[in-house]
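The structure appears below as structure tokens.
Chain naming follows the written order as A, B, C and D, and within any one chain the residues start at number 1.
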Amino acid sequence: MVEVTLWGSLSAVAGGKARHDIEAKDIRELFRKLAEQYPGIEPWIDRGIAVAIDGTIYRDTWSKELPKDAEIFLLPRLAGG
Amino acid sequence: MNFDPRFSGRQFASVGTRPIRPDGVDKVTGRARYGADFNMAGQLVGRVLRSPHAHAVIKKIDTSKAEKLAGVKAVITAKDLPDLTDGDAAMYDILDNCMARKKALYDGHAVAAVAAIDARIARQALKLIEVEYEVLPHVTDVDEAAHHHAPLINDQVFTEGLEEKPAKPSNVTKRTQFGHGDVHAGFAKADFIVERSYKTEQTHQGYIEPHACVASVNPDGTADLWVCTQGHFVYRQHCAQLLGMEASKLRVTSSEIGGGFGGKTHVWAEPVALALSRKAGRPVKLVMTRDEVFRASGPTSATSIDVKIGARKDGTITAAEATLRYSCGPYAGSWAEIGAMTAFACYKLENVKTVGYEVLVNRPKTAAYRAPSAPMAAFAVESAVDELAHELGMDAVDFRIKNAAQEGTRASYGPVYGPIGIGPTLEAVKHHPHMKAPLKANQGRGMACGFWFNFGGQTCTDLNIGMDGSVSLAVGTVDVGGSRASLSLVAAEELGIDYSHVKAIVADTSSLGYNDMTDGSRGTFSSSMATISAARNAIKILRERAAQMWDIPVEDVTWEKGHAVAKGEKYGNLSPLSLKDIAAKSGTTGGPIAGHSELVADGAGVSFATHICDVEVDPETGSTRVIRYTVVQDAGKAVHPTYVEGQYQGGAAQGIGWALNEEYIYGKDGRLQNAGFLDYRIPVCSDLPMIDTQILEIPNPNHPYGVRGVGETSIVPPLAAIANAVSNAVGVRMTHIPMSPPRILAALDAEREG
Amino acid sequence: MRYIRPLSIEDAVGELAKAVGPAAILAGGSDLLVRMKGGFVEPELIVDIKRIGGLSDVTETAEGFRIGAAVPCAVLGENKALRKAWPGVVEAANLIGSKQVQGRCTITGNLCNASPAADSVPALVAAGAKAVVAGPSGKRTIAVETVPTGPGRTSLAKGEIVEAILLDKRPEHAGDAYLRFIPRTEMDIAVVSAGVNLTLDDKGAIKTARVALGAAAPTVLLVEEAGQVLVGSKLDEATMERLAKICSGACRPIDDKRGTIEFRRKVAGVLARRVAAIAYKRAGGK
Amino acid sequence: MAGVAVSTTINGDAVEYLCQPDETLLEVLRDRLGLTGAKEGCGTGDCGACSVIVDGRLVCSCLVLGAEAEGRKVETIEGMAHGDQLHPLQQKFLEHAALQCGICTPGFLIAAKDLLAKNPSPTEEEIRFGLAGNLCRCTGYDKIVRAVQDAANVMKGA
């Protein structure tokens, strides 16, 4: 079980709740479980969600494992210049 | 692939040195080939017809006269670029931006295009295309557009991110929110509160090379595209999707690129060139004029930002809040969102809230510009922070040090920071001699901080070792400012050979696996990671070959300083084999030696900078000159320090231009009035002083050498640093960027008149 | 479209006079080629006047200087005698565009292009320069300020060419100067500008004065009242204030991408003061 | 539109070409003669990327007609090095990393060559104003100015 925090706008489509306890071993499973629970999240995942694990932002490494005691924060995927 | 990206704290032999770049001689002799320097036999000239209206329904386009003109080989409109985006809203916007479908949404929006045997005939043909417009009311100002009575740019847009779906459409496409704690409670604890509104005008990346491409579509459906881009793989995807082609049949070659800064991250005219070539059956060269670059490529957002920050007497910030409105052009974007994330990223805040609003306007589609959205937010926040320090009677640097984020701080955008550089840059500034240098009358000093995320992303690299022991490195991230030198250094470092034996090139889309763009300061971070991985894979093969040559088990062979070394007492008589020795025998030990790497370079390290700036203001004219400038920034690890300095200096210079003179100026008719380098005033050589730099190296734990990105952060602090310097010089707080002479003089006059 | 390169002024005038469609004179080309590139003009005849005898020379005569219509501004800056006699005119000419543009642009072109913001024109007007006009009915010499009649419009008739600019020989105790305001340090068009030309009497009081403003009205302004206020003074503070006030008041500027009405008015006065002080010093005043 | 026959000298070589009356020297160099070292950044004389030297004068080739080159001597970036020997300015630009994207570099080198020919010992301010007609968006000019200073020193010593 990991505790995941969603940024403001995403929490609006996740039942208005920012914090979620989810049983997930990696980013892929986290996204799948979130989408199962809140179908409204799916288009956001398609558009891109970045996952901060202990402050380090992962954008594409869906195989990244989620350590039990890690700080996990979902963020929008951004554009750069 | 078992690549370990963790920082290892090694000693460097090549990394950190400053050799001459591999593409240098071509560039000082005029031989380097940029977008417009390439030609194909039988090529036609493509030209685009653009809307003179800011907002108009396209009722009818008659191309028949143009088609009849001798020498015209193809005329296209939106009909020739049918919608194949299959519900992908972002791609549909790109398509509509390449060629207006129902409405022209800004002055300069493409409505038709021609291909002709020369430029004169193409120009004539454009004049023969008859477009019937129904002109609609327009809006170009971000605040006016956000107003409920503003002309609607897209009546299908209902603001996202609100608790309830709104009943009426609006130009505000999205609301986003970030933060934590309780700002109301925080402000209640504050002894001092600063609250102000700020505006920044729209600026352009101002790359000196206009967009240019040569497109050639063959009758069998295969095609070639030569183009200046920050990401040829992304251009391939976009073009293939928009034209209904298989990606593998479209080979995109990135030319040398004459600057991008975010502006060459998505397609503008390339699908048009391909569609023209497809229709004409001949290659088409399409080069934008400077006027077109300004009117119809992607500048940054204009913004309107409200900031409120409160602090206790002891200098602790108790709460911080910002509302940010960013213009997106006529298509939805996420620009305010990034502003909302970056605004307070430098600080340790218990209570923080930022809200972003994305606003549609009748201006060109906003594109990324170097740390997109961050400079405007930093301008507003760092101006307010300075003012608050002043009210508290605290030194501006000390106040920031007291409130700076550090390892373990929850960032205002959500996660908790690892090791970061904001504190060290502030300490370096505090002790920098620049801070103690004397100032004269009408001179003032300002400082400000800046933050940028930095990105990684999909990356693919090939490293081939020739029989003579020299190394060809093929990367897929476009080199926008010397990365081939940095990546050659990294290959040399990892292999343990001299830099002079490595030659890096940027491979085309048919020669290498997919690579994300060179954006988000990712070029050196990502491709160096992939290069290290490729080199390690090559070393594995080199060890195997040495083992063969020695006829010993590969487990007994290690790689040290460019040599295979047989480990153990029993091999005492075996001299190490150099990479060159092994390469020379490769033909009989198993053939070519190469290392490949495909990876997602994730874990880019966030980056912070603090800038110091001295200005002199002429109180009678409002003219401002930057007389001294210092950049302090964390690079993680500077692979080629000279080019890192170059990034710091270039970002500062762009920021200085933005702060003082650069802006898009629209007339009441919604037309851009300054679409050229004469009146869109980027800094010239005599406008600037030398720009001093100090590179800090706080290793990124997620890169073998500790590399963070360096390209973007340097444009974040200048707007505020200069505004703070002007305030300290002449006592007026400038809240509108650019601080052009008329704005400063008006502010001074208002101050003098009380 | 035709490009011709006549060798005499008569041939040039003849070609221009008989041209059916729009015709353009090419000297430096720094305005013409920009306008052609932008599609604002499409001449059917381009008359390159650079091979016409004498048009590329600066000559010192008994009356002063004759600057041929095809002399690039960079050449003016390299002419020591001209720089000494008319430093204000030369510094104005050397502010147009970049070094690259300097190698091509001419003060005659700057005058005939008739931009209200032309840098060399306020200095020429202040200097009392004259233009030698060649045309189908012969030659005439006119004050430079009578050439532009509005933005992009001149008093020249069809077939007429300004073949030279004349500057008087300088008396003792004379000085001129030009200043403009631009947002950057180089490469901009003047937001507002001022030229002043003075002569002093033996005691250092101003004997004659001409003050001209650029980018302050549809054409360059010769502000006679500003000149009058200087006469008899040694640029004391009260005179300077009156000068600034008169110049600000004389402006009839517009709001545009380069500046506001308010800004132009104010800075016209500021520049007039500053430029008068420079001209006064150059004339030997203390 | 009648073509204009032009005989000129480019980088010391006699060259003949036919061009349209409204064709710029920049277009002729790039599109007719294959000399693509001069770049079009603006086409209006505001960026200096197309700088060439005509009869000893630094000009923007976008503001010169191809027809005007008749009988002139044109110098472009392609003629700056002597064989395989780079001009000191070219060498110093490389050593100082005075280029990032490099699109402005040919124009800067030509302008700097002209500057040093007229003023072999320029001050920093003279370099900055002397090169103000050349826009660079990457470097902030710092390393360009230093490269020109260094090249001036080398050339004086030579």
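Brief remarks follow.
We adopt the following convention: contacts are C-beta pairs under 8 Å (C-beta built on N, C-alpha and C of every residue); 3 or more make two chains touch, one makes a residue touch a chain.
Everything numeric here is computed off the predicted structure, so don't read it as measured data.
For chain C, the chain with the farthest CA centroid is A. For the pair chain A and chain B, the distance between mean C-alpha positions equals 25 Å. With centres set at the average Cα position, the gap from chain A to chain D is 54 Å.
Once the centre of each chain is set as its mean CA position, chain B and chain D turn out to be 29 Å apart.
Residue positions 1, 20, 22, 43-44, 46, 129, 131-134 of chain D each touch two or more of the other chains. Residues of chain B in contact with at least two other chains: 205, 261, 677-678, 683-684, 686.
For chain A, residues touching at least two other chains: there are none.
Contact topology of the protein chains: irregular, matching none of line, ring, star or complete. Interface residues of chain D facing chain C in the complex, by the touch rule stated above, are 1-2, 4, 20-22, 24, 43-46, 48, 51, 54, 57-60, 62-65, 67-68, 70, 111, 114-115, 129-134. Looking at the complex, you find that chain C touches chain D at residues 1-3, 5, 26, 28-30, 33-34, 36-38, 46, 48, 50, 72, 74, 97-101, 103-104, 185-187. Listing the residues of chain B that touch chain A in their complex gives 90, 160-161, 163, 174-179, 205, 261-262, 265, 334, 337-338, 341, 368-372, 411, 413-418, 453-458, 519-522, 600, 602-606, 701-702, 711-712. The touching residues of chain B, when paired with chain D in their complex, are 18, 20-21, 23-25, 27-34, 36-37, 120, 205-210, 256-261, 287, 289-290, 480-482, 642-643, 645-647, 649-650, 652-654, 676-678, 682-686, 688, 690-691. Across the interface of their complex, chain B is touched by residues 38-39, 181, 183-189, 191, 256-260, 262-263, 266-267, 270 of chain C.
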